[in-house]
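Each of the next two complexes has subunit A plus one other chain: subunit B in the first, subunit C in the second.
Showing the complex of A and B:
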């Protein structure tokens, strides 16, 4: 049932995303659209663990930063293609997430959130104040630039127009959704939902919560890392503030919560609504009232929690794919299985 | 000895200054339904949690099919073949009835299709097929209890620990649950059942043990045990026993 709904809502969105850059062939529009897709991707990566296990991490930006820096440094230092750097960076982020998660997943609710903030902030502050580490030039708060190779080079992840970047992030977003769908239908997905619903009960059914939370976290950190590396390539620049600041973590969490946690399309809907609104406010009022978009975020979050506690995807789902009247026909699960 | 599925030797639990369970021992045979009785606060649930691995016993040993399971984690104990139900049934929200049961079935298989097939069998066994696709949180209290049992059954247990299965149920529902528990035993599952409702435990158990203030005060066939002065004293007080004598 959820599957068909995801397609009903997702396919038109995908078609719209595919034709948008040809209808409005404006670099600014394409870049802005790519940013929406980037945030949708990041929120979806966050949702991969947090949305399903019901814990709010505000430290995910650290994984973006780790992989971003890794991909840039491997390119500038060793001349390794950012595509490979991206994967290696993602793996590094996943590897670091495991010990961090091992310590923090024992904590529940606000304690988990606080430790996740502490982890990311310690890493960011260390990076901002470290010029070089073990001979690797990190250049502190100044950040690193990616030297242009000149023109378009697929291997170097550098393109002339914005269009290739747009389609890369679109493909990544579709990829993360497919991964989420696979996870949802697998043992891991069922286990995460069980842990979210009732931790003691899940333990009694043979589930080691720490093990499955860590598996999901490592996958989520990997996906977040890919996004961080993409961001560094898009701007050909990386610094601790933009690539691993707490703002990014908050964006990922708020977009997912507003859109709908634990769903395939929810995070994308959240990004689709929140990012443009935030941009418009920043552009029109940002010069006068600094941080107004954050106030707006707060207001939207409050409204969403009050009126759509399951995210804006919930009313859409009721409208587009109304639940079958109870008692449901018994044949239903077989139908889903046959798909 | 090979007929013993569970041997509990001198397990005890102290919470700070309170000796919740004094060292006590009992055993269970394969295919047996054993009732664990006792007034409120007697330590039934604590004893129960120690066997299920949610609490660690301070002393003694717990042997399941001859293997000591003290110190094993709850999920490992479940994998070994001991399943449990909780006093308060909390279904996994956002999952349908059949999906809730699948969570249990995933212990024995990683395949979604196999888990679903197994879960559908269990849901059918429970008589919940008509509600298979209902969100588990929309179930009535009694159906939640059945679902709780179903989740545990889906893990393929040899020993089932059941905590207060008919609490809050109407007499008709209680009867239905009793019949269901008997059918579970007919599948070859041994059952340790904690229950307050006398009628249920008397009709269901092959043998009962009684805990009072953390001590084992009786062990035997139900009819015989309920007439023992110690048991009457625990439930109705000293004066009642004197008045009867």
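Showing the complex of A and C:
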């Protein structure tokens, strides 16, 4: 049922995304569309662990920052291609996520969330106040720039137009969805759902919650890291505030929650709705109005928590792919009377 | 580091720590009664500080006089936020399983709205209030003690005593404690539980109205200070034990001294790392967090 629904909704979206840059060949539009895809990708990476385990992390931006910095530093310092730096950065983020997750996944609900914030904030504040670490120039709050190599170079992850960046992030988004789909259908996916449903119960059945949560977290950190490295290459600039600030973590969480946690298309749907609305608000009311789109995110988040706890994907799913009518509950009259 | 610097740091830490404890009182009260972790706690403090600042900047009202406005204002804000935003969730929870994460996300929405509304209205500039009391100090045993901090400290102790007395002996206080113990039993005894929730949330915020105004004379104001105060308040509540009013003050003192001594070794901006680190360590040592005692 879910597969067909994902295809019914996902395929038209994919086709639209593929032809969009040829219909509207405007650099601004393509860039904005790439940003929507970037947020969809980041939210999907967040969803990979948080949506399925049911724990809200507001520290995921740290993984984006770790991998982003790693890829930029490997490029500027060693001349390593950002493609390789991206993978290495992702692996580094995953490696760091394991001890952090090992310690924090024992915490429940809000305590996990608050600890994740504390973890990411420690890293961000440290980076903002550190000019050089072990001889590596981090340049603190000022951030690092990626030196242009001139023209288009696939190896250096630098292209003239916005179009290549657009298709790279589109491919990454399709990749994370495929990974989520694989995970959903694998042993890991079923275990995670069991853990979300009842942690103690699943443990009693012999599932080791820590082990499977950590596996998912490491994969999610790796995916988030790839996104962070992509972001650094797109803007050829990275700083602690934009690449690992709490705003990015909140964006990822809000988009997923509004779209629908624990679904393949939910995070993308959330990004598709929220990011353009935020952009339009920013564009029409002028750049001088700071923070307006975040006010909007806050209102939408509150409405979603109160009225669409399963995300906007739930009503869509009912409408596009209605579930077969459940058989009427069988009531045994005798039992009812017996009470 | 010599003994003089250290004792100065400890005294300053104690004074600021008392204020941290006072700020955390509301969070502890709200969590103790409603089981809601108010993510927007620091944002409400920030709101109170801006309110006090505005009164000073536009009408020349002394921050201590502005308490007469900030306390009722924050009470009203808390009352309205609870009755409009949070109560639908609590009403829904009556039938379903209590979901603390939803409550956290809901108040995170409030945090986004409040913080960014203030950012939109006032911009990201750092503002500060200078009054007669800002630089005034008294000397005790050769150590300068800042008057504004001392007043804040004294107020925290006073409010803590007044609040626990009121909770113990007034009718409303008894009703609040009964609701905290068992919501359904309280409702069956004729207590208007929704009203109790609104009043509790309003009260938790009103305390912030007081400390916002008391902080203004010596603390610079930016739209983003809310979150760091919020995290510090969570830390204080975790340290001191949930719902405990003396615990809140004690936790505040501990955090204040810890931060102030840590700041002697590193720059002030990096000192925040230590309070976050302490937060993680404390929570990990008690994995169930506050819930462990609930």
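In the analysis below, the second predicted complex is superposed on the first by the 322 of 339 C-alpha atoms of A that agree within 3 Å, B and C clash if a C-alpha of one lies under 4 Å from a C-alpha of the other, contacts with A are read in each partner's own complex, and residues count from 1 in each chain.
In this section, contacts are C-beta pairs under 8 Å (C-beta built on N, C-alpha and C of every residue); 3 or more make two chains touch, one makes a residue touch a chain.
Only a predicted model underlies this, so the values are computations on that prediction, with no experimental measurement involved.
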{"item": "First (subunit B), second (subunit C), both or neither touched by A:309", "value": "second"}
{"item": "Comparison of subunit B and subunit C by subunit A residues contacted", "value": "C"}
{"item": "First, second, both or neither for A:157, with subunit B first and subunit C second", "value": "neither"}
{"item": "Partner chain in contact with A:193 - subunit B first, subunit C second, else both or neither", "value": "first"}
{"item": "Which of subunit B and subunit C A:203 touches, first, second, both or neither", "value": "first"}
{"item": "Complex contacts: residues of subunit C adjacent to subunit A", "value": "37, 85, 88-89, 92, 100-106, 108-113, 115-117, 119-120, 123-124, 223, 227, 231, 234, 267, 269-270, 272-273, 276-277, 279-280, 283-284, 287-291"}
{"item": "Interfacial residue positions of subunit A with respect to subunit B in the complex", "value": "185-187, 190-191, 193-194, 196-198, 200-208, 262, 324, 326-330, 332-333, 337"}
{"item": "Sites on subunit A touched by subunit C in the complex", "value": "54-56, 58, 103-104, 106-111, 113-115, 117-119, 121-122, 125-126, 128-129, 246, 250, 253, 257, 289-292, 294-295, 297-302, 305-306, 309"}
{"item": "Of subunit B, residues touching subunit A in the complex", "value": "52, 54, 73-75, 78-79, 83-84, 86, 90-95, 98-99, 102-104, 106-107, 110, 112-113, 115-116, 120, 129-134, 138, 151-152, 155"}
